Amino acid sequence: MLFALVMLPAVGALGAYALRGGTRGAVAYRTAWLVGVAALHVLLVADAWLDPPEPVLHGWLALDALGLVVLTTVSGLFAVVTVSALGYLRHENPRGGRAFTSCLLAFLASASLVSISHHLALLWVGMEATTLALAPLIFHRHNRRSLEAVWKYLVLSSVGIALALFGTFFLATAQADAGAAARPLVLEDLVAGASRLHPAWLKAAFVFLLAGYGTKLGLAPMHTWKPDTYGEAPALVGALMAGGLTSCAFLGLARATEVAMAAGQGPFVQPPLIAFGLSSLAVAAAFIIGQTDVKRLLAYSSVEHAGLLVLGLGLGGVGAYGSVLHLINNALVKGLLFLAVGNVVLATGTATAASLGGLLRGLPASGVLLLVGLFAVTGSPPFGPFVSEFTILRAAMGGGHLWIAAVMVTLLAVSFIGLAVMILDIVYRPAPANRDPPLRSGPESGWLVAGPVALGLGVLALGLVIPRPLQALLSLAASALGGAAP
Amino acid sequence: MTWTSPVAFATLLVVAPLLPGVATKTRALLTGRRGPPVLQLYWDVGKLLRKGLVYSTTTTWLFRLAPVVVVATALLAASVIPLDGRGALVSFTGDLVAFAYLLALGRFMLVLGGLDTGSSFEGMGASREVTFSSFTEPALFLCFAGLTLATRGLSLTGMLGSPLAAAWPAAAPSLAMIGVSLFLVLLAEASRVPVDDPATHLELTMIHEVIVLDHSGPDFALILYASALKLALFGALLVGVLVPRARLPGPAAIAVLALGLLVVAVLVGIVESSMARLRLSRVPQFLIAASVLASLAVILLLMT
Amino acid sequence: MTFFFVGIALILAGGLAAALFRRQPALADRAFGVLVAGGCALGLVPAVGALAGRDVAGILFAMPMPGGPWAFGIDGLSAFFLLIVFGVGLASAIYGLAYLAVEREGGHRPVATSHLLMAVVLAALALVVTSRAVVPFLMAWESMAVLAYFLVVFESEKAGVRRAGLVYLIATHTGTLALFAMFAFWGRFAETLSFDALAAGAASLPAGGALVLWLALVGFGLKAGLVPLHFWLPEAHASAPSHVSAIMSGVVIKMGIYGLLRVVSLLGAPPAWWGWLVLIGGVLSGVLGVVWALAQHDLKRLLAYHSVENIGIILLGLGVGALGVSYHLPVVAALGFAGAILHTLNHALFKSLLFLGAGAVYRATGTRAIDRLGGLARRMPLTWVAFLVGSVAIVGLPPLNGFVSEWVVYQALLRSGAAAGGALRLAVLGVAGLALIGALALACFAKVDGIVFLGHPRSAEAGQAREVGKVMLGPMFALALACGVIGLVPVLVVQPAVTAGALVAGLAPDAIGAAGAEVLEAMAWIAFLSLALVALLALGWRAAAALRRRRSPVPGETWGCGYAEPTPRMQYTASSFATPLLASFGPVAGVRELRHGDAFETHPTELILDNVALPLWSLIQGFAARLRPIQQGRLWIYLVYLMAALLLLLLYLATSGGTISP
Amino acid sequence: MQRAADSLLLLVILTNFLVLGTTRLSTCIRAVAWQGALLGLLSLALSSTWSVHAVGLAAGTVIVKAIALPRFLAWAIREASVRREVEPRVGFVASLLLGVLAVFVAAAIAERLPVRGAHPVLLLPASLASVIIGLQVLCTRAKAVTQVVGYLVLENGIFLFGLTLIDQVPFLLEVGVLLDIFVGVFIMGIVVFHINREFDSLDSARLTALKE
């Protein structure tokens, strides 16, 4: 069953690519294929929830709590994204959307591989596959700006991935004298034999893994590719990257932390995680103020939430639970915001705030969605992110790090001001009189709005109630990461 | 609440119009003039009650209600003060607040009545009236605070009644300062010389007089009587503080009250003859001086 | 509690009805009115029960959320605030129906959504006051704050309204983040996040809960409008529709007061310095609030600043109460809190009445500038009577409810003076502060009533103003009646307020026995005085009327000292009326005088917003701009950042020691 | 075999310097090709038993790193018709000095990290040196193709380190690494081709439109 999780989308990708032709019929068939595969994948994941599958391939592929959380998040987000892809491809499908659909499915395949692989090298291959699958999606529009974006994305990500590979090698050497029985680089054996891992190699491995997967996650000094990539990629892809790719990168980092925590290297591991978390919050807050482009604004918000994820991980205790919960909330909220902004960009043709405006009257659905997104992404109570951010804050206070909590709250306040100033401005300010590309009524159609509305309801639901099985799963994942359930 | 309180209340109502007469008479004598007879105010009130009424077209029912409110609030405020040195007609914990805020209600209605006529002179008077009363209120309450600290009393009866006699030896200087401060407040509230000149004819310089410019006939009579009563009220407070007479027998206490009021009237006359009006911009400093004096008394009491 | 939740459901149903039947306005309005009225009435049942001493059973929902079960309950304190929420909330909602009806013709205004939001805000307010656990409290708190934003930006096409809304939203969100930090820090010393657990854990807070009290003061102060944190309040209240300003001034900012009271009651004995801080903050808010109100030319901004002043009075009472608790004087503590709670209720009544009156004036004349109004008493007699009742009440003059609550605060201050000894006696100086506030309030409302309603109309719009409809006058007179009833029968309200005050001070309800009896006896006397005053006025009025009938008065011209051609512009205006008083307050009044050629203008400025909040924000923007070159586009610099991060990590690896040892 | 492995590692370090020093792109690519070949030989030299897996890996490495990629890069240069690499940001001489510093740092780190099993002493320093020099080339060079070469050097360093684990970590790892290089460079190649078409020069310094 685990194989199916990866093979299904992979075969789907090949199928989508195999179908030639840019005719209307081909496009419709291709999108139907896309949605079909996505639906099947969701069913598979649901089945995984009902009876957890056994490890397979000599223990290399297995599904634990953390993996299931990431898998569910990515699969759910992908399904919603494909729903709005139906509407999107009707408006904008250069070259018949052939590369677009196949690469989307390739991304789903590689993300599934990442979430179920317990062999860290296999996980690394999955991460590399996600990078490559996303490259053509970013380059979707084939213009000069998206070319520059994909170039920077590729170079930085490849260097990051290379460092991560180096870290994985270090981990393998650290495990060298852990006895013959241990399968090299397999999570169970790493965690079980953690005490016998060589501390020097283990710490060096964590450093490189943090640098590598930190670049994929978009933590502060290594975040520079994010604004350009999210700014130029179609909003649909932005949603996938902010929700899916971030989750996979966080999973990689979480696996490394899991091993390090098991080996008792907690005090070595946590300070850098907290440092990266806070620096991400700071850089994001600084760039959110005075931002002029809506998509780049969401990119920096993604940097901020990546910082929060890592901060929660670093704080330990209840923070680990908060981080894993925030992973889900972040995916839902980012999906909601990116898809809503996507509709706006489709209708108005531009993403710069100055030329937007009057959204509440021009595009009522997108306007309301943006408002809901604003208050969700900044952690206002009735929505999900409030619960996770409040848990992370309690972890900071619980651990006695008052200064960290103070800095975190101030930076959240500053980024709220930046987000509020822009989003409220484009929603409420009356539309500029001479809006050059006249407002296209298309984007308010059913499919394009159904996706974000579903995500919005999801975020609100998560804010009010966390279903019991999910609660159990989150506690399991948190205890694996060396934390505790609140 | 013995029989002496209502009698003292009645004497206050009767004596009230006499005080402005005595003050004006003293001022005239000291400045070498014969001045109007002491009972002048009685004749004025009597004459006005019989005269006709002229109402401006712009005024509403409020203009007609204002005089009634002013008199009613003055009467109720009087009922709270322990005129016979022992107990007031009405006494409950915190009745000093009722005393001050009843007078404030009267002032509020008077000022609104003035503004109702829509004349710029009455607007000017109203603005000055509320400005200066904003400075006398804190001074008055600081005096009350001082009295509370000295006598632990929470009502006017408690403060100015029997405990005050006991408090005098212990806190003589501060009680004296409170007395002086009350006198300054009296001058401001009754709109006497240093703050406002009752004898002036130029509307631009008036404060109290210009608000009631448009009242006529019985309304004006009520207002005149009420302002005299207000002077008597503050006089009674001053006498209550300076001359604790809880131990004197009933009639003697009332006699001392009447005598004290006359002395206060003379004092007002002396002050009027000795100094000219202050410039309007100087008046706030004069009133803040009253507050400073009272707060010094309070701090002195706090320290002992 | 079931009545309470059914009531909330009805209110939400009313909101939904207004949204669903947006096509048939008449049906929508009636459905909304009936449902919300029913909901509020039902909601009041347990509240009145709790006030009458019956303790209402709390309800616990075991939620699988981090932060423990959601608990709800109604005690004396919550019941009092429920009175405010449902009473004033209902009046504003009904008034809003008529007020917004005329906006529907405009066609493009979101009237139906505004009603829906009003209903949801009411529900959120009720939940804030009854929640007994941190997570539901914060949920209700933030949804109330955020939905109020959407109500404020009803006329979002005006740039001023958008700016006001934004400033409000930022201030309230920062306040909420402070509350996040407070509850997170406090949660560390308690097992679960329910209020009882927090109360149990309060003893082990470091430094007597100093950090918690500071964060509470900032978080709740921002919502209530304590002086340095009030900068958002005037702008937001002035630009919101009148019924929204009424509910914001009357109820929403009171949640800040509720929060402070709840934190004090949970914390047990706050340290003395906090009591003094709140006392001084109260006096400052009171005096500065009314001084800035005097300087205003816009009717609703003036009323908004008066909210700051009344919050000052409430905080004065709260400060004395806190001091009473820390100096172990139960009587002063109970009376201080009782004064604060009672004044919250009274202020909710007369402030919303005044805002509804201002709304009526705006609806009739189309302008809020005081200097363009005048002579409305003759044209809008009923609104004038209601506004006058509101003014007399807010200045705290005897026959009405303002006097009763200020009297209780005075009582607390005086009793602290009459206390045996110790530093608490210094609090008696607060009496002078309260007196100054009262006198300045009198000056300010003399100005408003005199210039807006009396004299000649100063502009054409004021000239042909007409009385507003029955639906708008109804709520106004209901509120006026409430003010009158509390003024004439104060014991009805003071007894529950004292028990609530005792509850906050952590005392048994009848702990202040003797003093309580004195207070109740005083209430009887105050009732007597009020009745005597009304009787005297009625008697005097009939006598004067009889006199007038016998000697028919001659209509004449106002005495103009012989000036032939008096024009309405020669009457006193808002700025001229206030200038002598503001002059003596100097720069603190924040009035900018413009003299160009022969023209002279005064403009009130918001001191804290212009000199503190905005410069601070531009400082942050400046700092952020300096970081902008990080993202300058050159790939090789990005790679250098990556290398730098790696080198830092390697340095950290090297210095973490033990790389050689196996 | 030990001495042969050491000399091969020495050659690898030399090729790194060749990449740093040369101005002509073709020399750069030829240096990387040589490095690929050397790696293939090394994988043979280091693996204790010449099992099918070891020989297969060596052959794969030589084919991909020594032949396929260089030819592809040469084709990219011909398309863009560019011969000369522009002056790197820190200058050629400084690059070389930095290269030496890199080797010195690599040696210092290698000596502090104990290597398991019998491996030539030069292996760890060589791989660390290649990684650091690869990063340095990426940071300082202007032309897109040269940056790809830099990335290749980085990959070679990591691959070299992978050789120490040749027997513990089985077949999957090697293929993964090769796959990565091939596909990564292939995508970069396409992009380089597009850059050339869009900007009619391979100078990635021109790519600075996206900024704050």
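A, B, C and D label the chains in the order they appear, each numbered from 1.
As a working rule, contacts are C-beta pairs under 8 Å (C-beta built on N, C-alpha and C of every residue); 3 or more make two chains touch, one makes a residue touch a chain.
None of these values were measured; they are calculated from a predicted model.
Engineer: Is the C-beta contact count larger for A-C or for C-D?
Structural biologist: Pair with the higher count of C-beta contacts: A-C.
Engineer: How big is the gap, in whole Å, between where the Cα atoms of subunit A centre and where those of subunit C centre?
Structural biologist: 43
Engineer: Quick check: how many Å separate the C-alpha centres of subunit A and subunit B?
Structural biologist: Result: the chain centres lie 78 Å from each other.
Engineer: How many angstrom between the C-alpha centroids of subunit D and subunit C?
Structural biologist: Computed from C-alpha means, the inter-chain centre distance equals 70 Å.
Engineer: I'd like to verify one number: the distance from the centre of subunit A to the centre of subunit D, where each centre is the average of its C-alpha atoms, in whole angstrom.
Structural biologist: So the centre of subunit A lies 31 Å away from the centre of subunit D.
Engineer: Could you list the positions in subunit D whose residues touch two or more of the other chains?
Structural biologist: Touching at least two other chains: 112-114, 135, 138, 147, 204, 207-210, 212.
Engineer: Give me the residue numbers in subunit A that touch at least two other chains, ranges are fine.
Structural biologist: 151-152, 155, 159, 198, 200, 204, 227, 287
Engineer: Chain pairs that touch, all of them, please.
Structural biologist: A-C, A-D, B-C, C-D
Engineer: Help me check something: in the complex, which residues belonging to subunit D touch subunit C?
Structural biologist: Touch list, subunit D to subunit C: 89, 112-114, 135, 138-141, 147, 204-205, 207-212.
Engineer: Could you pull out which subunit D residues touch subunit A in their complex?
Structural biologist: Going by the criterion above, the answer is residues 112-117, 131, 135, 138, 144, 147, 151, 154-155, 158, 161-162, 164-165, 168-169, 172-173, 176-177, 179-180, 183-184, 187-188, 191, 194-195, 198-199, 204, 207-210, 212.
Engineer: With touch defined as at the start, can you tell me which subunit B residues reach subunit C in the complex?
Structural biologist: Those in contact with subunit C are residues 52-60, 62, 64-65, 67-69, 71-73, 75-76, 90-95, 97-98, 100-102, 104-105, 107-108, 111-112, 114-121, 123-124, 126-128, 130-131, 133-138, 140-142, 144-145, 148-149, 152-154, 203, 213-214, 217-219, 280-281, 284, 291, 295, 298, 302.
Engineer: Could you list, by residue number, the parts of subunit A that touch subunit D in their complex?
Structural biologist: 119, 121-122, 124-125, 128, 132, 135, 139, 144-145, 147-152, 154-155, 158-159, 161-162, 165-166, 169, 172-173, 176-177, 184-185, 198, 200-201, 204, 227-228, 231-232, 287
Engineer: Quick check on the complex: what are the subunit C residues that touch subunit B?
Structural biologist: Residues 374-375, 377-378, 388, 392, 395-399, 403, 406-407, 410-411, 414-415, 417-418, 425-426, 428-429, 431-436, 438-440, 442-443, 445-447, 449-451, 454-456, 518-519, 521-522, 524-526, 528-529, 532-533, 536-537, 540-541, 544, 547-548, 551, 553-561, 566, 568, 570-572, 576-581, 583-584.
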